[in-house]
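Structures for review follow.
Shared chain: chain A. Partners: chain B in the first complex, chain C in the second.
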Partner chain A sequence: MAEAQQEAAQTEHDAKQYTLKVRRYKPESGDGPYWESFDVELDPTLSVLDGLLQAKDREDGSLAVRCSCRAAICGSCGVKINGKSTLACLIQIGEAHEAANRRNGGGEPIVVEPMGNMPVVKDLVTDMESAHWEKIRRVTPWLLDDGDPPERERVVPPESMVDITQTIACIQCGACVSACLSMEVDPDFIGPAALAKAYRFVGDPRDVETRERLYDLAQDPHGIYDCTHCFSCIDACPKGVAPMDQIMRLRRAAGNEEIDDKNNGHRHEAAFVNIIRKKGTLDESLLLQESYAQGVKGKLIPKPAAIKGLVGSIPTAVRGIRTGKMRSLRKLIPGMHHKLPGDGTEYVGRIYEHAEEHATELNLYITGEEGEEPAPKESDERQAEAVTAPAAEPDETVASADGGDAEQPGPDQEAQR
Partner chain B sequence: MPKHDVLVIGAGLAGQRAALAAAEEGVSVAIVSKVHPVRSHSNAAQGGINAALNPDDSWESHAFDTVKGSDYLGDQDAIEVMCREAPEEILHLEHLGVPFHRNEEGLLGTRAFGGASQARTYYVADITGQAIMHVLYEQLMKHSEQVDRYEEFFSTALALDDDGTCVGAVMRSIRDGSMELFEAKNVILATGGNGQAWQPTTNALICTGDGVAMAYRAGAPLMDMEMIQYHPTTLAGKGFLITEGARGEGAHLLNANGERFMERYAPNKMELASRDVVSRAEQTEINEGRGFPDGTVALDITVVPKKRIHEALREIVLVGRDFAGVDITSEPIHIKPGNHYTMGGVKTDIDGATEIPGLYAAGEVACVSVHGGNRLGANSLLDTLIFGRRSGLHAANRAKGLNPKPPSRAILADEESTVAAIVSRERGSGRRVSEIRKELGETMDRYVAVFRDADGVQRALETVRRLKEEARSAYVDDTSAIFNQDVLGAIELGFMLDNAECTCMGALERKESRGAQFRTDHPERNDEEWLKHIDLRTSTNGDGPQISYSDVTITQWQPMERTY
Partner chain C sequence: MTGDLKLAYWPGCVSRGFTPELHGSMALVSERLGIELVTLDRANCCGAGVIAEHNQELADTLNARTFALAQQTGLAMMNICSTCQGAQSECQQRLDADSAYRAHVNEALSGEGLQYEKDKGGWTNKNFLWVLVEDYGLDRLKAAVKRPLSGLRVGPFYGCYIVRPKHRLGYEDHPERDLYLEQVIETLGGEVVDYDGSRKCCGFPIVTMNRDTSLRQAGTHIGDALDQGADCLVTPCPLCHLNLDMQQPEAAKIVNRDLGLAILHLPQLVGLALGYQPGDLGMGTHIASTSWVGERLAGVPA
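Moving on to the complex of A and B:
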């Protein structure tokens, strides 16, 4: 280690040349946004923010970028680097350069733009009010307790505090909001940051309005069921908050409270679960009807709302056929779905049983690193955790700065619903 | 023109706590900050907050540790207030929803911290400051009817009336560049420290000593400005902080020979001696050739169980990985002492009141003084909350029944023309603001750091005075109104230069070694001559700070020799 760190210290003076291509906008000029390149010279382990500050210090002091701590704790410097939403202080300039040049000889600049899904004030400074803060305020972002505080502290399970520490770790930088694909389609979507904030209270045993909060977020057409599981927010979050995981936990909690939302969100989720449990794989021909009227097979009496929903889905189905997404008409016919070979379906059923027995709502704050101090019982929990928090590995945040090579997980079937 | 009973400038922990306390009294409150409140630097406080809440502990024990930590320069009446009120404040935070760490019984649990005779540090992983600040911001959103928030407004000067009473402050809206006089019956400064006058520093870019400079220019005395804390564990070059909580959890400090060198400096408390002691020990090892070639020693966190690291030191895992390329769970990390905290500041009483009627100060901007020559880890969050609350309360009560006449708007015109003058300076006519800022930081870190002597500090003082002159003609690139950070940078530079000048003056004046001030030419503590505060006031003739002295308040702990 000593060698590596000494080497790092020596290369401190090994400054390299980089080009930052910055999207600029001067609101008072009357002109639209434009691109400007800055050549900077700095150590590869310093950050893109350090590069921007060097350009600002040496070349053009009018380059506007919010920044303060330089250590990914204040949340000021949310930007897009090579198309990925992140913090400018978190991404090493050497890495950003490599990411920008993965597919060519090395002549590409590092592209820096303001965050998405929000208006630009000037250069890299955005207005976070409507896309972020208004939505934070939308979720009643303070503890609703039962009135008189006790004389001493409230006694709560220790793991519950560790649990909500994951969402308290949110620094309100807006990177997840910037990256959110659902918000791009529906600007009214409450969004990943505010919903993570909502979990901070739903998961807090000291809050007494849990059911009311969940009911509100489930019934809102722009609420928890408006998320399309695209993982972009998890990818973008610099603090491991994993907003999408928190949204999924809100959904599970709403499901556990048996909140039958008018968005059909809970029933749609239940449809996936039930169909796969029964058939081993997803029979999409059943998905719609099962979503709108559970257990519809055998008793075809869907509610009026369900009929309306089913009829409303016809254009989507037609579009699916026309665009070639729906390649096999057979798939539309219930009962034609292929079966798993052998006793595959039985195995799938056993996975369900195992998951139901071992399901926990633990997150990475509680379990720590995998593979440590192995105890038979805990390892089961870790597997369950891996299911509930698939992308919570810290390395994911570094990947967010990569040049966009990694395939963006597309919105799943739910987006077409 | 905005008009309030209480105007709070700065929205970190001290500012938010002051605003909430004042609002509870039913007066009209505004809180103004040059960044969005949650961007404030209280975020960076990782380790925790001290309180003698455990039945086995006592406020007297906490107070004694603080007095000893301060090297007997802290005022004991203020320290008593802070330590007595600490448990109540922790419980208040818990009731507001701060997710403090719990022990197995579900009760508030503690960790060990430096300079403390008991484990009395309450914490949220290693994001304690962030967690508390975000919870207070939740409360500000909840009480938006009572507290007006002005986010991204920059204060340039305090407004005084003819009697020398503070009646408001001049603000520049960062978003549109307009300037306005905010009228107020009371102003509470909560603008934080001045670490950016040193490079490198653990402090954020916004920590430019604005409030200290504004109060000083308005005529309020500053106190103990020579007392600048160097934190023992910061990343070389970048200055990032590694929490003292790491040592609280059991991490060791090693020199390049692999020796746990604290054995020689603090055989009892080892790595958990007070910060000035540990920083001096490290710097001695480095100066005497037992450090690594990059001018560091090593912090070995691998002795802490991995599970515990991931649970309690998560932020440090990220800092190591993202900013040093080191996996702290498997290898030691190189660290060195780095600029961290301003013990000195605007002189206040135990209610946060300064000598200027209507002007209060709380948190790092203030000097009550509870930290004296050296602040204990996890006492800064406590300071912000206790004295934030007391200032808010006191200011609110002062506002009741007060009917001041509207202040003169002359100060607004003055400030507008100052800004206009900065913007109109011809490009290339002098030095760039950024160049001066860099030279200031490097100078202070070189001469006014862990070890000081008269020659070095004198040199720093001369440099600062030259830079002040150069700053008068420094130019900026941005001439626009909207989000002009360039012009704010020029104003901040002026603030920092005032802070640095006062620190140099204090460091030169105090001819002894106490707390964070170690003079190699006066290596002993000298209670006979120097058990007193150094106060600095601006002079009317432009001669720089005028020095006077004030007594240290001693209640029950007579100065003793200090060993750890």
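Moving on to the complex of A and C:
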């Protein structure tokens, strides 16, 4: 008891002053958004959410912020802190203060804004319907089975579910959607949260419409090939879901299914991979030709979208020749690019043979990193999902691409429904 | 100046393809700074994330080969492309995370007598930007400046692969890596322009798949930088350069506004401050005119 009192006194003693600069918006006023600063006083280890709630409590009860668990479990308090999409309860206020003052050493307020890429209802509360929930529904977020209900549950080997535990960790907070740089310019992009959810079913051995799902997401101009690979969602996610990695897995799966999408996504990937096999380094002219129009050599008929893309790239090429950027016409001729010296390409070819034979996919979310303590927040999750990876034996770690050799026990809560 | 910094140098594919001015200016700048570069001419493409998308082990093995070639020289490695940095760091993270996997990947390299070793003598792979700040040093860079970039308003453009994800890219040990461009610009005597797009995506990875989304990103960031009064952008990534410079006229059509902003490769900006002329650094070959940068600096004696 005395200890607790002492601790409380200590906490009070450690309280520091912070300024929260909050982007506010009151729809009923008819005015646009505006900035308002609140001075708060609290321990640096408390969260930005605690700061916001203190401001609401002491200064302005009308300050709107959505929250519930205050422990990064419920996913309600998504905001942007100093421009970064996250949960308000996950970031310590002292840490946020330091981040706000990285460049000028002090005096800058902690900037708190509503999440991006979605309409604001009031102050820090956003409407997640159009940017998030509608897109989640878009990917058919339920199991499509063979229509023949089993007597009890559908039994699958636990290890076949380990792969999708990462996507199952999603708490639907919308931080990745807020951070998505493709969605910023293309609001129709299905987006990181929904595509991660899509992988949750594509990777589920019980789902019977894997190819149909992949075909749908590959053909959609705002689907898996609209992700610009910027990693924003990976850093924004409070749960380590790494939505972009899930999108890349969807692309890999679509490629393995040889889905020849009209966005040139698969052709681009296949062309890239083949050029490096042949030459060791990238020949951009050949990549353009093969991504767009393999039909030039009579192999395949280019799709209308490919012709459009190829024609669209002509002005750029002409400008390049004019300025001397493409030093000679020769440089623009596909296949004239240099090869690796000596027997370099031969060794690259052998690497292809070896990697294609095994096609190992290592997911560090599942296996962890040697020599590093897992981050506390991640280890909590891992325990919650009972995916406790034992010290990996060589044969276990080198799992095949379909995850079939992954030996970690992984009873999955959704699998046991 | 004799160099005490000697590095295994991976120029990447694009610097010898569509952006030869990057490779050329890097050669000039390293010589003047006294950084000795040993080119890894047998090394292969990093895969740019695309090969990993196809087959993760393939990308990891290809990059393990490049790392092993660098380690064979006994030198730390330097790249000049944010995308190489990001794609290679991703593979290195997996290789370093798991000794059994590393051994498996090394099997594929054994025929060539190569092996990638984790932490071999503190071995690192760094972009020129990181080398400049962490190994060469800003004080030393400042001392090497012959023509301060006074009055030149420069917007930093990092490229996604060198700023995210933070854990993979060593931000725990080097938390200011996403401020280095600002630090370099100031060290060279230039003025930093803050604008919304400096750490956003140029859109390049999907230019052949969704041209509108891709070029809208490039055009928006260039427009934002212009609105903040930038004379030019500087980038450590040649792929960003392709979308920001080579595609700039097309991006302008998509965002429906006049652009016309010079986009410099990092070694070009450093080279200008070291006293090279824009022509020496291949700036005349850019699509977006760099003449304004030249005019700005004309008054400053080299």
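Here is the rule we go by: the second predicted complex is superposed on the first by the 290 of 417 C-alpha atoms of A that agree within 3 Å, B and C clash if a C-alpha of one lies under 4 Å from a C-alpha of the other, contacts with A are read in each partner's own complex, and residues count from 1 in each chain.
Throughout what follows, a residue touches a chain if its C-beta (ideal position, glycine included) is under 8 Å from a C-beta of that chain, and two chains touch if they have at least 3 such contacts.
Predicted, not measured: the structure shown is a model, and the values here were computed from it.
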item: Partner chain in contact with A:355 - chain B first, chain C second, else both or neither; value: second
item: Partner chain(s) touched by A:276 [first = chain B, second = chain C, both, neither]; value: second
item: Which superposed partner A:16 touches (first chain B, second chain C, both, neither); value: neither
item: First, second, both or neither for A:320, with chain B first and chain C second; value: second
item: First, second, both or neither for A:341, with chain B first and chain C second; value: second
item: First (chain B), second (chain C), both or neither touched by A:312; value: second
item: First, second, both or neither for A:211, with chain B first and chain C second; value: neither
item: Touched partner set for A:288, first chain B, second chain C, both or neither; value: second
item: Residues of chain A at both interfaces, chain B in one complex, chain C in the other; value: 364, 368-369, 394, 398
item: Interface residues, chain C side, partner chain A - complex; value: 13-14, 16-21, 41-42, 44-45, 47-58, 60-62, 65, 86, 93-94, 96-101, 103-104, 107-109, 111-112, 160-161, 163-166, 176, 179, 182, 200-201, 203-206, 208-214, 216-217, 220, 246-247, 249-250, 284-287
item: Touching residues on chain A, where the partner in the complex is chain B; value: 1-2, 4-6, 8-10, 12, 26-28, 45-46, 56-58, 60-62, 64, 66-76, 90, 121-123, 125, 128, 136-137, 141-143, 145, 149-150, 152-158, 161-162, 164-165, 168-172, 204, 206-207, 239-240, 364-366, 368-369, 372-373, 394, 398
item: Chain A-facing residues of chain B, complex; value: 35-36, 38-41, 43-44, 91, 94-97, 99-109, 124-125, 127, 130-131, 134-135, 138-139, 141-142, 175, 204-206, 236-238, 240-241, 256, 292-294, 296, 298, 306-307, 309-311, 314-315, 317-319, 321-326, 329, 331-334, 432-435, 438, 476-486, 489
item: Chain A to chain C touching residues, read off their complex; value: 102-103, 181-182, 184-186, 189, 221-222, 225-232, 234-235, 242, 248, 251-252, 255, 263-265, 268-270, 272-273, 276, 280-284, 288, 291-292, 309, 312, 315-316, 319-320, 323-327, 331, 337-338, 340-342, 344, 347-348, 350-352, 354-356, 358-362, 364, 367-370, 392-395, 397-398, 401
